[in-house]
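By letter and in written order, the chains are A, B, C, D and E; residue numbering begins at 1 in each of them.
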Amino acid sequence: SSSRTGVLRVVAQSEPVTLNPVYSATSDVKSWGPMFDSLVGTDRASTEPDQNGLLYGWTRVTPTAWRFKVREGVTFHNGEVFDAAAAAFSIQQIITDPKAPLAGNFSAVAGAKPVGADLEVTTKEPFPALPSMLAITMAVPPKAYQKEGGDAFGAHPIGTGPFVFSDYIRGATLETVANPHYWRGAPKLKGVTLSWSTDAQTRASFVQTGQADIALDLTPQTLRTVRADRNLTVVEKPIDARYFVYFNQKAPPFDNPDLRRAAALAIDKAGLVQGLFRQGGASVYDHFVGDLFLEKKPPAYPDAISHDLAEAKSLLASVPGPHRITFSYATGRSPNDDQIGAAIVGMLQAAGFTVTNEPMDFATFSERRNSNTMQATGLQIIVAFRDPDEEFRPWVGKTAITKNCVSAPYDELSAKALAEPERGPREEIYSQMEDLLINKDVCYVPILRYDGIWAMGKNVRGFVPPRFASPDYYEISVGS
Amino acid sequence: MTAVETRRRPAVARGWPAVIGFGVPLAVIVLLAVFAGLLPLQDPNQQNLANALLPPGLDTAGGVHHYLGTDQLGRDMLARMVYGARLSLMIGFVAMFAGAVPGIILGLVAGYYRGWFDAVVSRLIDAQLAIPFVLLAIAVMATHARSVPVLIVVLAMFSWAPYARVIRAETLGLREQTFVLSLRSAGVSSLGIVFRHILPNVAGTAFVLATLQVGSVMLAESALSFLGLGVVEPSVSWGAMLADGRDEIVGAWWIAAFPGLVITVTVLLVNLFGDALRPILDPRHRGF
Amino acid sequence: MADTRSTLLDIDGLTIRAGTRDGETTLVDDVSASVGPGEVLGLIGESGSGKTTTVRSVVGLLERNLTVAAGRVSVLGSLVCDPQHADFARIRGRHVGFVFQGAGSSLDPLLRVGAQLREVVRRHRPDVSRAGMPAEIEQALAGMGFTDPGRIARSYPHQLSGGMRQRVSIALAMVAKPELLIADECTSALDVTTQKDVVQLLTKLVSDSGVGLVFVTHDLILAEEICTKIAVMRRGRVVETGATADVMRAPAHEYTRQLLASVPRW
Amino acid sequence: MSEHHEVLAIRDLTVRYGRAGTPPAVDSVSIDVSRREIVGVVGESGSGKTSIGMVAAGLWPATGGSVTIEGRPISPRMPRRDRALVQMAFQDPNASFDPRQSVRGGLRELRRLHKERTGWISDEDLLRRVGLDSVLLGRLPHQLSGGQAQRIAVARALLLRPKLLIADEPTSALDVSVQAQILDLLRALCRDEDLSILFISHDLAVVRSLCRRVYVMRHGQVVESGSTDEVMAHPRHEYTVKLLAAIPGNFGNQKLDIE
Amino acid sequence: MIKLVATRIGLGLVTLFIAVSGAFFLVHSSGSPAVQILGESASPERVAALNHQLGLDRPLVVQYLGFLGQLVRGDLGESLRYAQPNATLIMERLPATVELAAAALLIALVVGVPLGALAATREGRLADRLVSAVSLVGVSMPIFWIGLMAILFFAVRLHWLPAGQRDGLASLVLPAVTLSALPLAQIARLTRSSMSETLRQQFITASRARGLSAARVVINHALRNSAIPVLTIFGLQTGLLLSGAVTVEFVFSWPGLGTLATNAVQGRDFTLVQAVVVVGVAVFVITNLVVDVLYGIIDPRIRDGRV
């Protein structure tokens, strides 16, 4: 397809099931992102919530109540006015619709309602991450949404974003055109056209042949090709995607902390990064807090576990065997996940475990995980929004999906952290929690985090790598 | 007037050399696979992440030769290729037979008897073929622990239907021939006709399908590995290696290229060996 | 059509061997014969004596394991059959018509009789127009004693009786109007009335158009009636050859005498 | 006429190929063959002789009428054991062999199947009886000459010692001396071994020398039947007259005189 | 004729019933789509709630009967994940798949049959071995490898053809050629074996004696008589290609049914999987009907079959 001047052709990895942001996984923002604005804006440099979005000037009225100012003069593509009611509706929808994937993250949110021109959000417990979370919550037009219902809305979405839905051929392309009335001013591009290609190598080929301007989410394996191509710009930047291992503390043999420690000691994270991502694209991941807020120096824990095969072996030898375990992981979800799994199995074996290697597809994996029948598990996740609580909530304590790392101290520390209004002390608490979880209980072993990789033609300007999800097309322009 | 000279020796005369020419390399592959343990090879599962993705060559890395390079986990490709042959050949041939035997029998019986049995078998074939292979594989693999026998069952389930359908069609034609009448007249039982007479006459087709199937099964195994449903470490198979190398095809071509190459070579050898063997097995080609 | 050359077919010292499990055996041993225009050569002899093998070598269509070990075969003088150069293609059908023994299996089971005839006519008879095709085909079949040639043309081989198939394969050989016709037991499955029709057609062809005919048969009475000369074969050799009348009335070879003696007397 | 004197009793047999409405290939034909009798069926090409044979051998279903052998009904569904009662030598012998089975293999299979009936003769002797050398045992069908295949087809049928042999043009490809040998064999078997034969042929001379009774067929119907001598000496039906007139040697008014 | 078609349809429905029941119990034996919809960090409670909303917590038999009831009314149901009628989803993808599969089969046939015929007429000679080797590469090389190499060479290096996506005839070339590799090899091999059998028969010799050209004998007589196994495998491929095109669709980002089906299976979109199976069976029953009728047309003996 020949390039219409000023239209950016993007090739993304997977086509979303729906274009309704309420029903979509956060990673699908790559597809519908150009048409929507999140309620709270994000600072492009720090990737922290900023005051330049639809909601701004927030105050925490009580530990569990927040008040937001609502930007005036913003309309949806269909002419509907964006106001406090629309913002409240957008939040309410996520809380109440059972098909909303974000609902899990919103479990602490009690409700949202307009108060005059402002928006008030109340939480069930102190929830400091609310602005971060609203930074991934999209504004949807209440009237149109209710009229159509969530499913139909997903077929021709309406947002306040810089680009307007134009045409969608399922399986092939999604076309959007510039929104001339965009509240921040018309975008530089005339439009964004998305297509999808599951295979990273093919995506790379598309930018190489000029069939696309940007390829999203390339894998480390494709790096060599795209780097070698002089016509391309390649961007590699850490994103909030990580791989970790957790143990089932409640069932033998990992109810024995020594075994957990031995296993953790056996895993050579640096080796994995070096071996599997040597061309680039990953780094060792040691802490929740420090790694989430990269700008901060990670705290050094006195008991920190680092790779030590000899110690792993001797520790294991001190526990009467046989040490039969099963290591389970889902494959085909993230770069190299099958290799990482196999490598970890090899490492555990080298330490003296007898390991059954159990890769599986994600649906099976989820089923098994939810029923808590796995002993040791490898998993990659992309955090939806950047807050320590987001890291702990699904995995640790009483809110955990898996009931692996459950004990009273976690819940106590968690409650304390949420109640803490100041950011500094709050992170102190999370550090304690992480030390307990990773180094003392050894329930959870952070392994690595990998980079986002994008390749684009030289004519693409103004690309800023996102921390997760979608690039901001608003700032991008294409030259000739 | 030109003398009428001796006709060219028929192609059959060259049968045996061809059988040997293709059979010997095939036997070498099988023997290597069987006696892998006795060869001076490294442990195929020995990881060495520091030496990952070494290209093939004569260089030494840490005192060890990796003539065919290493994979993403720094395992020796040569050792993995040799050990992988075991499982791959076993899977290829066992799954081929496990599919061929019921497929051929059903096809013969359905084509010969027609009637309700044919109706039932044909329905089953169609149904089987209409269900996507991935679905079948995922369902079976999700409900059974992943193991080589289960894998073979899945692959056999994938491959019986084509045999059944093709053999049935050929049988339909053969059963109308006079010699079948003559056998019926002699009181030869239907089963006797089917297995002693129709079977040899469809054997050529079955043979071709089977030799083709060896390759398809190995590749299907690879596809399963790619879906995370194939053989599981520490087992090594060419198909799984191929799946591993899939993403590296541009950067580290050798990970996929070597298993791909041996699969291709094996399939070629099996087929050419079959081609050479068939005239020798077929009495009508022998010439007396 | 009439040929000025004296011989249509000349077989000289033909020897054919078969490769078998226990070495080579000779099936045809030093056989010589010739046929000129208007001549009918009757090839008679014991079952298994090599008649079929001899005549098949003329068109170069021997079984795979048989080889011509010695001898020469020439057709129409200048048209030479040289197995090395596979020149048979030039003479087959067009100049030499061949009716196989076992006519039942020499028809394509999947094509209607009419289609098989049409194919031959199209190939060898440029004089027949598209429009004239059906008539030509019906005529060829009618000549073979079919009263309902239209139905036969529409039938598949398996829908015909043995005799009908045999007549169809004669029609297939004749419709191209070859100069030399080789008929291997072409009347063996025909009842006498039909046989009479077919034989009359053949003899008419020979006498009117100067066609040469090789008539392989075991029916001595029939041979006597239509053949101008006869070759008697036994165990791969021609034991006796000569004008029909001579051979029949004064057989020289013991075997020929024996053969004539066992003809069932009417 | 008691059924039991008849080895073969065909009653009002009708055979139709294809759709109803097409003219039948065999139209209401009745034929009897008594014990040790050789009955000839002659007739025009395509008149339905083979069709009758096929039905009588239990290889093709009758459209109408009935066929019994020694009182037992014959049909394609008859029990396998009874099959040996009636054997057929096919008109196109080559097509009646499995192309991949040697002569010996074919015979061995029959022997295995009918142990009690086939012990009377060795393969070599069987071939010798039909004038063939035992080297042919190792041959495949396509390596046989026309006459050899035909004789092996007859031999194979006889091996099972059937009560009834349906011989469909069994000597059409044979030279006269061999033919005489085969006819002698058939006569001997009828005399000594309790065999009866339905002999389908177009060779009137052979029929006359072999068969006591004959049926003349045309267009699917029996146009004339009776003792061979009677029919041949005083043909009543116009077609029979034509048939006799067409015998080679009879036409051209040349009486053959062979000695 | 009407009776024949009626029985055929009846039998087709039986096939449908078997396949669809098989598919139903197969998909339902593993996992639920809820986790796929709700993502990695979905809690079991929310999964359960969604399962309830989707009706997946009802007893299996109830679901099965409901599904059959729907099917009887000609309703393919609504996708669990896409929340759209399955019929719509499938129809969106079907043209792309049909286009791809038809092109691939055409290539396989047009190239495979002559190759096989050539090999059969040169049996045991060099040409035969070469044809074997070349055609077999298709069966023994992974499709993704062929596809990626084709992209890298013809699209990236030479810029002759697009690297993928469905956009005009040029974009069809690489995927279709890649997809044709396997059926091509099968067709070539079967043509060869079946034809070498036919070439041995007397009527072929007889045709040659009638002076028909070698090509004519091969095309008009030998091919026809060898057609049945080839036709069968061709029919098989027609069905297999629907789901077998997955890899090709994947590599060339071809918006076909294969990807939809695989995603449906992996996402445990039960109703969509079932709908795809229904469509697969329909395609199958129809091709099967055509192929079976063709057997009779090709071989009249089968049509007049003895009982």
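Details
The criterion applied here is as follows: contacts are C-beta pairs under 8 Å (C-beta built on N, C-alpha and C of every residue); 3 or more make two chains touch, one makes a residue touch a chain.
Because the structure is predicted, anything quoted here is derived from the model rather than measured.
Pairwise, the chains sharing the most contacting C-beta pairs are B-E. Averaging C-alpha coordinates per chain and comparing to chain C, the farthest chain turns out to be A.
Centroids built from CA atoms put chain B at 44 Å from chain A. As a whole-number value, the distance joining the C-alpha centres of chain B and chain E reads 20 Å.
Centre-to-centre spacing of chain C and chain D amounts to 27 Å, using the average Cα coordinate of each chain. In this assembly, the C-alpha centroid of chain A lies 38 Å from the C-alpha centroid of chain E. Each of the following residues of chain A touches two or more other chains: 201, 361, 363-364. Of all residues in chain E, those that touch two or more other chains are 30-31, 144, 148, 152, 200, 202, 266, 299, 301, 304, 306. Multi-chain contact residues of chain D (touching two or more other chains) are listed as 17, 76, 92, 94-95, 138, 142-143.
Chain B meets chain E in the complex at residues 11-12, 14-15, 18, 114, 119, 122-124, 126-136, 138-140, 142-143, 161-162, 165-166, 169-170, 172-173, 175-177, 181, 204-205, 207-209, 211-212, 215-216, 218-219, 222-223, 227, 242, 246, 249-250, 256, 260, 263-264, 266-268, 271-272, 275, 278-279, 284.
Within the complex, the chain A residues that touch chain B are 200-201, 219, 221-225, 268, 271-272, 274-276, 278-279, 330-332, 336, 338-339, 342-343, 345-347, 349-350, 356-361, 363-364. Listing the residues of chain E that touch chain B in their complex gives 11, 14-15, 18-19, 22-23, 26-27, 29-31, 123-125, 128-129, 132-133, 136-137, 139-145, 148, 152, 182, 185-186, 189-190, 192-194, 196-197, 200, 228-229, 231-233, 235-236, 239-240, 243-244, 246-247, 261-262, 265-266, 273, 276-277, 280-281, 283-285, 288, 295, 299, 301-302, 304-306. Only residues 59, 61, 89, 91-94, 97-98, 100, 102, 105-111, 119-120, 123-124, 156, 158-159, 169, 172-173, 176 of chain C touch chain E when the two sit together in their complex.
Touching chain A in their complex are the following residues of chain B: 45, 47, 49-50, 52-53, 72-74, 138, 141-142, 146, 226-229, 232-234, 244, 247-252.
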